[in-house]
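Presented below are the structures under discussion, each in the form of structure tokens.
In the two complexes that follow, chain A is the common piece, with chain B as its partner first and chain C second.
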Partner chain A sequence: MSASYKAVGWNRQKKIYDGLIFAFCVVYLLIFCGLTLVFNPEVTFETLLIRSSSTLAVLLLHIILSIGPLCRINKKFLPLLYNRRHLGVTMFCVALVHGGFGIIQFHTLGNTSPFLSLFTSNTRYGSLADFPFQALGFFALLIFFLMAITSHDFWLHNLSPRVWKTLHMFVYLAYVLIIMHVMLGVIQYETNPVFVLILFIGAITLILLHLYAGSMEVKKDNIYFGLQKKGFVKVCTINDIEENRAKMFCVDKERIAVFKTEGKLFAINNVCKHQNGPLGEGKIVDGCITCPWHGYQYLPKNGQSPPPFKERVSTYDLEIEGADIWLNPVPYPEGTERPGVIF
Partner chain B sequence: MIRPLRKRHLQIWSGIAVLLPVGIICAWLVVPKPVKDHLWQPPSTPVLPVIMKSLDRGNYIVNLRTNNDSSALQLEWINQSALTSPSAIIYKLSASDGIQHIENADLIGRIDSRGTYHFALKKDSANDHQHFVLYDIIHHQVIDQLNF
Partner chain C sequence: MKENISKDQNGAFYIGWMAGAPKSFVRFIRKYLLAILSLVILLAGILALSQKKFGTGNFEFGQLTEVTGVYFSKPLPCIKVINGKDIWGNLSYLTIPLVGYGKHGAVGMMADIETERNISLNQKQLTLKGTLLYNDGKTILQVNKNDSPVIRISSAMVASELLPVKKELGTYNVKGEIIDPKCYFGVMKPGEGKVHRDCAIRCILGGIPPMLAVKNDQGESNYFILVGASGEPMNQAVQDFVAEPVEIHARLVKYDDWIVAYVGSKKDIKRFSYLQSRFANSVQYCAANCTK
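After this line comes the complex of A and B, so read on.
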């Protein structure tokens, strides 16, 4: 969380995260190149570079896309989410090495532009077996490029969260393009079924993770709160909430987080203004509700980020009857101070 | 994440869950099957040491070879340059059948590019009169006749 523009707001966690990304990539490339040289000593440097970078990029893409649902299934994966954008930019750089050297190797020796050659050297767009698979990879790389250059809070603020999120959801299209790029490309030549099996297992795992996590969220959204009085609904009891933590409730289509801290209860909108992170899955640190995704903070009493930050979320009224907590789902304007209820 | 976004994610992944496996399977089904070699020329055999008879046609030299105890017979075809006919087949005519009955002749092998070809012949025909025909099976015409 930063009040002014910085290329990267480095902290210890980010350095560790990036160090692990770098180490993972180096170890993977060493193992891949070592095994390739053992089993295929006649391989050329260009081929080794293209293949090692492509497999690493596909692996990283699967890891990146699995982080979201894993975090929704189990909070222990949240540290992976913290700096996922650096993982994404790393994946783009690796994919760029693959795409760049692929174009150099296969499209720069003729007398036409390499990019023109990419789309015109094979024009059998109507054939599945001979489909120009390189075009699929090119468009996926273009999406990754747009995502990589906008992976910064500067662009999030200037494009608006809605546009930014829409742009970044194109990653799913890019994923499909990449899988088909591999299937219609290298799989047509390297006919060993192991390659298809690995890719298939990766895709199915990712699909199942997303569907499972998505269905869990739907269940949460559809919980019906039956007991109602004067606009309030009974959501839980005081003992259901841990100290400095929250419970989330989806009432009237949106999620509300009820926090418990220092003998008081506060209710705020669950959606972080930064990247729509779930505030209710975070905890109170130094008196502030802290988003589990990227550490954005809000004061429980008014839903405002502490100065000099300007983010604000809605607040809600609560009541206590005995041990029961009653919530009014009608939001106050963002940043409205509510005293909280003493229990 | 807001509720509409959660819903959109689920819709997108439901779509991917249907489309991607179909795409993968379709792409897998069109992977070209390995091409099987249907060689008309029998597997290469050791060259027999003794040349019994020889014919030189300029573009190609044809030798009839045997071993030291004359227990085997071999046709050696040395192509100095590629044949102009793309589908030249060697047939061995029997003594009773003439060129008009090539369908009854023994298929020996196929000749195309430059190189040396060896074909095993039946041993019982070692002392017979050997009559070979080089035949264009596409145009149905005789290219050459070789009599040893």
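After this line comes the complex of A and C, so read on.
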């Protein structure tokens, strides 16, 4: 969390994270290129570059897309999420090597511009089997480019979290384009079924992870709160919430986190202003509600980030009756101070 | 309403901007990274070893070779050179088609040279300088205007035995794949198939003569230069058929060590499915034999 913008707010964990990304990429490239050169020595430098970068980019994309659902399933995966954008930018750079060299190799030095050639060489757009697969890869690369250049928090704040998040959800469209790019391209050329098998296993794994993590969310969101009075609903008892922790409740489509700390209960909106992280899965650290995704912090009493930060979330009223906690799901304007309830 | 919160999740909390992660997180992530490392090694190995074998074509990139022979402009620019002697001691010849730099044919460039020098090069003995590419017994010469490729032009009459030996082979249906010979014979690997289609189309549209690569069941290859019925270029006409199985109906004429396929029109090129063909053959075979 930083009050001003830096290219990269380096810290020890980011350095370890990026070091590991680099090391893993180098290991992959060395093995792929080494084995290809030994067992398939007729390969050209350009083909080696195009193939090693493409397979690495697809592998990285699968890892990136699995991190979100893995974190929903098990919080121990959160260190992978913290610096995921660096993994994304790395994947884009690797994909750019593939796409860039692909365009240079297949479309330059011809009788028309490389980009025009990309879309007008193979014109079988009406055929699925003969579809110009390179165009699909180009559009996927374009999405990755937009995501990479807007990955910095500067763009998150200037575009607004909603627009930024919507833009970055296009990664799923890019993934579909990449799958089609591979299926209609190299899979049609290579005869070994291992390529299609690996791609199939990767896609199925991602789909199952997303479905499982999504079903966990839906279960939480669909809990029905039967007992109601004067706009309040009974959500849980005091003992259901651990000290300095919260429970999340979805009432009238509002996700609300109820925190317990130092003999008081506070309710704030569950959605972090940074990247929509689940504040209810966070913890109170140094008196501040801390988002589990990137460590953004808010004061429990008013939902405001401590100065000089400016993020604010809605607050809600709570009541206690015996050991039961009652919650009013009508939000106060973001940053409105509420006293909390003493138990 | 009861939700299980593990002790560990309660006690340890990960914050990315702090100096270190809780030990329980570190232990867990180490195991995950080990699994990912194994996956990385396994996938890199499997993917590298599962690739189709690349062709043995050679492109002498950056190396210029001087070639002396007789230049012919039809049916495509080529130079016929002496290639040693055969087993009976007779001179044998090799016809080397010419292609231009990048994804361009040599027709325009050779025509420019003829205009500049105000001379017809057809059937003249020339010494050309260019980059050789070769595979499967075929050789092609890339000539680049920037290299001043025409070194010598002999004004002497060409001996009659150096003129192309033409032999009519008849009209046939031939199945194969339309390729651009420059990439196929050495510049790119792979230089055929769907992955190379865009490049092959760009090369052919740039003037590199289209060829039909044919392989029989024994893996033996043959190559046919594709031209129109009167020998005119048909680069534009083949655009939609490049790099996929096709069957052409053409008059075949052998010129020395190359066969030229004179294709009547675009209608004489049909898409062809090996899978459907094998299925149809099996059905025919079964219909004829299974009831016996």
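What we mean here is this: the second predicted complex is superposed on the first by the 343 of 343 C-alpha atoms of A that agree within 3 Å, B and C clash if a C-alpha of one lies under 4 Å from a C-alpha of the other, contacts with A are read in each partner's own complex, and residues count from 1 in each chain.
Following the convention adopted for this analysis, a residue touches a chain if its C-beta (ideal position, glycine included) is under 8 Å from a C-beta of that chain, and two chains touch if they have at least 3 such contacts.
Everything quoted here is computed from the prediction, not taken from an experiment.
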Touching partner for A:Q188 - first (chain B), second (chain C), both, neither: both
Superposition-derived comparison: chain B or chain C, residues of chain A touched: C
Contacts of A:M216 with chain B and chain C, given as first, second, both or neither: neither
Chain B versus chain C as contact partner of A:I207, first or second or both or neither: first
Chain B versus chain C as contact partner of A:T47, first or second or both or neither: second
Which of chain B and chain C A:K283 touches, first, second, both or neither: second
Which superposed partner A:A323 touches (first chain B, second chain C, both, neither): neither
First (chain B), second (chain C), both or neither touched by A:C250: first
First, second, both or neither for A:C236, with chain B first and chain C second: second
Intersection of chain A interface sets (partners chain B, chain C): 184, 188, 191
Residues on chain B engaged by chain A in the complex (per definition of touch): 1-3, 5-6, 8-10, 12-14, 16-17, 19-21, 23-24, 26-28, 30-32, 34
Touch list for chain A against partner chain C, complex: 1, 9, 11-14, 20, 24, 27-29, 31-36, 39-40, 42-44, 46-47, 51, 55, 59, 63, 75-80, 82-83, 105-112, 117-118, 121-124, 130, 132-134, 184-186, 188-192, 194-195, 198, 223, 235-236, 240, 242, 245, 247, 282-283, 285, 290, 292, 294-295
Residue ranges of chain C touching chain A (in the complex, touch as defined): 1-3, 5, 9-10, 13-21, 24-25, 28-29, 32-33, 36-37, 39-41, 43-57, 101-104, 188-190, 193-199, 201-203, 205-207, 239-240, 244
Contacting residues of chain A [partner chain B, same complex]: 128-129, 165, 169, 172, 175-176, 179-180, 183-184, 187-188, 191, 196, 199-200, 203-204, 207, 210-211, 214-215, 217-218, 221, 250, 253-255, 271, 276-278
